[in-house]
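These notes open a run of structures that come right after.
Next, two complexes with subunit A in common: one pairs it with subunit B, the other with subunit C.
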Partner chain A sequence: MSDNDPVDPIEGLWHARKVTRRRLMGYGVATAGALGATMVVPAPWRAAFGQAKPYKIGSLQPLSGVAAAGGKTSLVGVQMAVDRINKAGGINGRPVELIVADDESKPDVGRRKVEKLLVEDKIDVHAGGFLSNVCLACMPSYEETKVVNMITVCLDTTITTSKCSRYTFRPFDYAPAQAVAIAPYLVNKLGKKWHIAYLDYSWGQSTRDAYTEQIRKNGGDVVGTTGIPLGTADMTAFLSKITGEFDGIFGILFGAPAVTFLSQAYDLGLSKKYKMAGDGAMVEATHMPALGQKAEGFVGINRYLPVLDPPLNTPYHKRFFEDAVARLKQIDPSGPLPDRYTQSNYEAVNALRIGMENSKFRGREDTMKLIEALEGLEMKEGDDFPQGDKLLRKEDHQAFLRQFIFDVQDGKHRILEVVEKEKTIVPPACTFS
Partner chain B sequence: MSAMGDWIGFVWGWLATHGDIIIIQTVNGIVTGMILALIASGLTLIFGIMDVVNFAHGELFMLGAYVGVVVLSISGSFWLALVLSTLVVALIGAALQITTLRPLVGRDPLNTILATFGISLVLQNYALWQFGPVPRKLDEPITGQFVLFYLAYPWYRLLIALLSGAIIGGLYLFLKHGTYGIWIRATTQDRVMAQAMGIPVPWVHTGVFAIGAGMAAASGVLFGPLIGINHAMGLDWVLKAFIVVVVGGMGNLGGSIAASIFVSLLEAYAAIVVSPAQAVIVSFVVLILTLLFRPTGLFVPTPK
Partner chain C sequence: MSKRSNKSFWIAFGIVLAALIIAPLVLPEFWRRFLTEILIWGLLAMSSDLLIGYTGMVSFGHSAFFGLGMYGAAAALLTVKPANLWLAILYGLCGSAVVAGFVAFFATRLRDIYFAITTLIFSQIFYVVIFTWTEVTGGENGLNFTRPQLGIPGIYTVTFTPEILHWFVLAVVTASYLILRRITHSPFGMVLQSIRENESRTRAIGYPVERYKIVAVMLSGLFAGLAGVLYAVQNRFAAPDFVYFVVSGEAVIYNVMGGIGTLVGPILGAGFFLGLREISSRIFGDQFPYLIPVGVIFIAMVIFLPQGLLGFAKRWLNR
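So, the complex of A and B:
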């Protein structure tokens, strides 16, 4: 090879003596040193705890797949709570280490990831779960390993009724309570006859049953239902069938399917012909940019709304709201407002903290003490629970909290009525095995 | 005979009383079928010429919609968004083919399947990271509706069907009469002979992948206004596109288009009499029956 021969740049890097073996070793040592330094230098909060062993809180979230959008805003809520706890001195003087696992929005993956959290990562408690089918698939694992599972989003009714577990808690609402809260409004103010459109899986089905029961109890009727399978790209063929003599369509969908449903129902003129109402998940703040005017006039029920109007005009809610907005801006350039997933994840971790402090929880050996501390826990409105007061019922581990009946005006949520938690209570239907 | 007469009478009576929904579902089936055909034609073109099962096709569809959102927000023109998105994603497709698939030519098909699956995961998570979890809106260029029995049917849905047909028709003419189209057909028929005749086969492959990616992007922009643009929007379509590609005959462009409309019409008609969950099973039943009795595809002439 002469000096004038062209040299391949990659070949040149190795053979033109620019990088000698010794120099390469040097780079390696320097890199290892830099990495080591980052491990030795403590995180800002860690210094405050000295040698205290951290509590490991596992959090299973859908960070990819169909439910990733909600999973991302959920994780913001968990992270907000953990950061706040560590900043305030941890739990029982020990820091909290958050271990996050992505369930990819699939029950089988969720089960596998939970096994890893429980067996390999040896988490002390769990706070997470978004899709109901994932939550239901994972519940036996917490029971087998005797670890408290604080559900943060899953709404399937059976989680705290026929499939309830001593180890699982739901520190937010569920469909029977919401149905009790909104059914009188639906029947007396919007119309007697309803058609229910729902996502055809565990959450949608159990929620459909709860609303049907309450609408009928209040003197109304459900004259038809349409179950829409998860993963339906174009709903028009199914929506085209929704016709007849009824007053309104009640939707039970969330995430991208909810956006598709409302968009296509509007395009087909259903929103003009019938009153549109439904679960608050249909029109979360994160859906509004995609819905535009297509959600105008929608009436719904939700435990949380991103507004600072009474009764949510409290200083604690304002602090929560501002922190959430700043963090959500980091994961989405459009700057979304917090949704109920951010709220319930934040509050679920705070409920765990109070239970762990009250029971002087040390680790899994104290799981029963923690369960007893959480059973009947009263959560007071404040910085820990900016949404409002809650009661975590002992009999079924189901919480009751106030609900907001709202509508959408000019692309924003407007509170129409506040239903206090006492008016949402339904009898427990759980027998712990 | 009288039992047969009763049965015919019943069917006739049912059709007479359900005429409105049958016509509505026919329109729905054709519109959905044309969107599906546009997606599937890119998929089948890539398979027919390169023997590559492109698992990233749904993500190219999604990327097209996102590029459309960006262009629309800057320019305010839906049509410019449609054209630019097609071109940009076609270029991305070409780059992906050169960097990822070209080095795998001649290897076991499993390698390309894994490579395209990897690309799909990367693109999906890139979109989630770049654009965030909040679904985006793509405004339709026309918003009017016309009365179709008891529905107010959007003109835009008919426009989608027409534009999809026009794009597919343009592709057909290009393949039939264009110089580069003839290169593509020659490469499909005999890769070695085409190379011997001086056709740059590797670049034909790149061009075909770019065309397939561009068509996926165009369908993403066209369908975008009917939903919220999100990182997972391709997942719902690509499974169905794979079904129609198999039912139509792998690599058979005309077969895929016919299968798209056939399967969509079947699902739409099934939705009249059964629940949506049962209606979506129809496409899987057709797939299984095709694999059992006509594995080369429903719309491929029987080999003699």
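So, the complex of A and C:
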């Protein structure tokens, strides 16, 4: 190469020896030192518990990807419960170490991360799972390693019916129970004839079927349904076809699609013509700023509402609410209110604690004892379960809890009716293999 | 390839293969499973290299071939009792072959970006069908099934342990590599490379370019489907997420990282990318957006190592 030859900038950088071996070694040592330093800093629970071996609780959450927003509020619930348990002396005198894994909202990553939690971190129990497809993909891994899996958000009905597992528990509600709870109110107080609009995929479809069955059982009728594909940015084409002689539109949507649906239904005049009702996920507290006046009058059902009105005006709910608000503000300066994800994650860890204490759980060798302690567990309203009483049914590991029928007034949730857990029961449809 | 470099290649091939055979005996459980998964993703990336690196066609439809292979295997494992591994492979290959044939027939009429967009659209069509056809495909939740045994049911079978599964996957990936290597070194492969270099001239000298491209897409789709079958057997579930075009994008990333047009490079790229993601998550912790450093490293590699890891290694060794 002559001096006049043009020098490739990349080659030039490399041969200029700016990145020398010595420097590279230096960076490596510095990085290793920094990592090592973080490793010798004791975990917060060390001071209080000395050398007691901690229980390892794994928590798989979507901290990146499409479900990241919900995953972060879920993690707040888990952290609240773990901190509270450690402050109160741990479980069976042992501290709790929380190991968090991000599934990136993808089933393949979730599966890989769960395997790491199970075979490398050697977690004793698991509490987490947000997206149903990730939960279902990971369930065989818990069975294989014989570890209790306490699901905290996944809603798909099949988790505790056709695909149920002896190792998996769902300590919160599911669509069939909510349908049983709200159907009498819909038919008797709002109208007989309904049109259901739903997100056209497995959750939306199974929930649609559950509501259709219950509305008809209560003397009403579903005169039409409209499936909206997930990811539809403009729903006008679907909403403009919703016409005819019926009393109300029942929506089965969540997240951004729910906001779009309610906004466009309002703009097209559907909210004036028909009564609007639906799943509580359509008007979570985080949606309210985006919806403004467009959700006024909406009637929904939810297991948790971020309000301090009766019967949620208890001191334990107030403590939970205030702690959650403070922590959520740390991750989101706009100060969102706790949602049902924060609540179910918090309560799931507390249910695990009670099961572990009742079964004198030592580790994985006592998994069967823990399962037996959780089967049929009655959870009493209190600091552990601020949402209310619950029963974790033995036959399918599905919990039943009270539901809140509410409407939206002045941009806030207002409780209209409380349906006690006994009135939400549906027969079990699970056979453990 | 000269006789000497040919000998060096086979020696290196033997050493790497021996290391991969021994690996499950020495690696901890998690890394053993992880290595098996890397081989599967490597097979997907290698299949797309046949199009990207040898024919000059960037495909975003490989997720459809991979996913259909996966759902084909699921169909066999759920409907035929007792579960039969060979039937799962056959169903998976049939599924991916049909889709690949369909996509190839329409997409190969187009070139460059138009081909890439068409394959992307096809993969999205299959994704939407699988995502919404819940009764058959399980919709968003996908399908769960049990892992079949290795062998011939009724005659001799052995249960898949993580080690046996690794060796089985390694055998399939090695055989696939040798077949693809033979194909790319054959006169057929030379025509594909000629299409990559100058499609008009290849046509002008009398080769039916469209037919060659159709066969290339089908072959590539078949190996992608095989990767899908292996993934289904390893993880015992099939989900629509694998049909989504992002999986095709990841296959392209593995190619770019490892070295396009090398067959081995994409496997190396898959290993590097997945390993980097795993290590990044361990260093920074899962509560940190650990994919950002991975993205930064990927951008740096595209700028500073445009020929990929294998290209860089070759240049380094030749200095």
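Just so it is clear, the second predicted complex is superposed on the first by the 390 of 433 C-alpha atoms of A that agree within 3 Å, B and C clash if a C-alpha of one lies under 4 Å from a C-alpha of the other, contacts with A are read in each partner's own complex, and residues count from 1 in each chain.
Just so we're on the same page, contacts are C-beta pairs under 8 Å (C-beta built on N, C-alpha and C of every residue); 3 or more make two chains touch, one makes a residue touch a chain.
Just so it is clear, the model here is predicted, and its values are computed rather than measured.
In this superposed model built on subunit A, subunit B and subunit C take up the same space, so to speak, and clash.
Residue contacts after overlaying the shared chain place A:Ile331 against subunit B, while subunit C stays out of touching range.
Of the two partner chains placed by the overlay, only subunit B lies in contact with A:Ala237; subunit C stays clear of it.
Once chain A of one complex is fitted onto chain A of the other, the partner contacts of A:Thr260 are limited to subunit B, with no touch recorded for subunit C. By the touch criterion stated above, A:Tyr274 is placed in contact with neither subunit B nor subunit C. Look at A:Pro229: by the touch rule set out above, it reaches both subunit B and subunit C.
When both complexes are overlaid on chain A, the residue A:Lys163 reaches subunit C alone and has no touch with subunit B.
Of the two partner chains placed around the shared chain by superposition, neither subunit B nor subunit C is touched by A:Phe250. With both structures placed on the common chain, the touch criterion links A:Asp200 to subunit B and to subunit C. Of the two partner chains, neither subunit B nor subunit C is touched by A:Tyr142. Counting contacts by the rule stated earlier, residues 64, 200, 227, 229 of subunit A appear in both its interface with subunit B and its interface with subunit C. Only residues 21, 24-25, 28-29, 31-32, 35, 124-125, 128, 131-137, 139, 145, 150-154, 156-157, 223, 225-233, 235-237, 239-240, 267-268, 271-272, 275-277, 279-280 of subunit B touch subunit A when the two sit together in their complex. Chain contact summary for the complex, subunit A toward subunit B: residues 64-66, 68-73, 200, 226-229, 231-234, 236-238, 240-241, 243, 256, 259-260, 263-264, 267-269, 272, 286-287, 289-292, 331-334, 336. Residues of subunit C that touch subunit A in their complex: 28-30, 33-34, 37, 128, 131-132, 134, 138-142, 144, 235-237, 239-242, 278, 281, 283, 285-287, 289-291, 303-304, 306. Against subunit C, the residues of subunit A that register as touching in their complex are 10, 13-14, 35, 63-64, 75, 100-102, 104, 106-108, 111-113, 115-116, 119-120, 132-133, 136-137, 139-140, 156, 158, 163, 200-203, 205-206, 227, 229-230.
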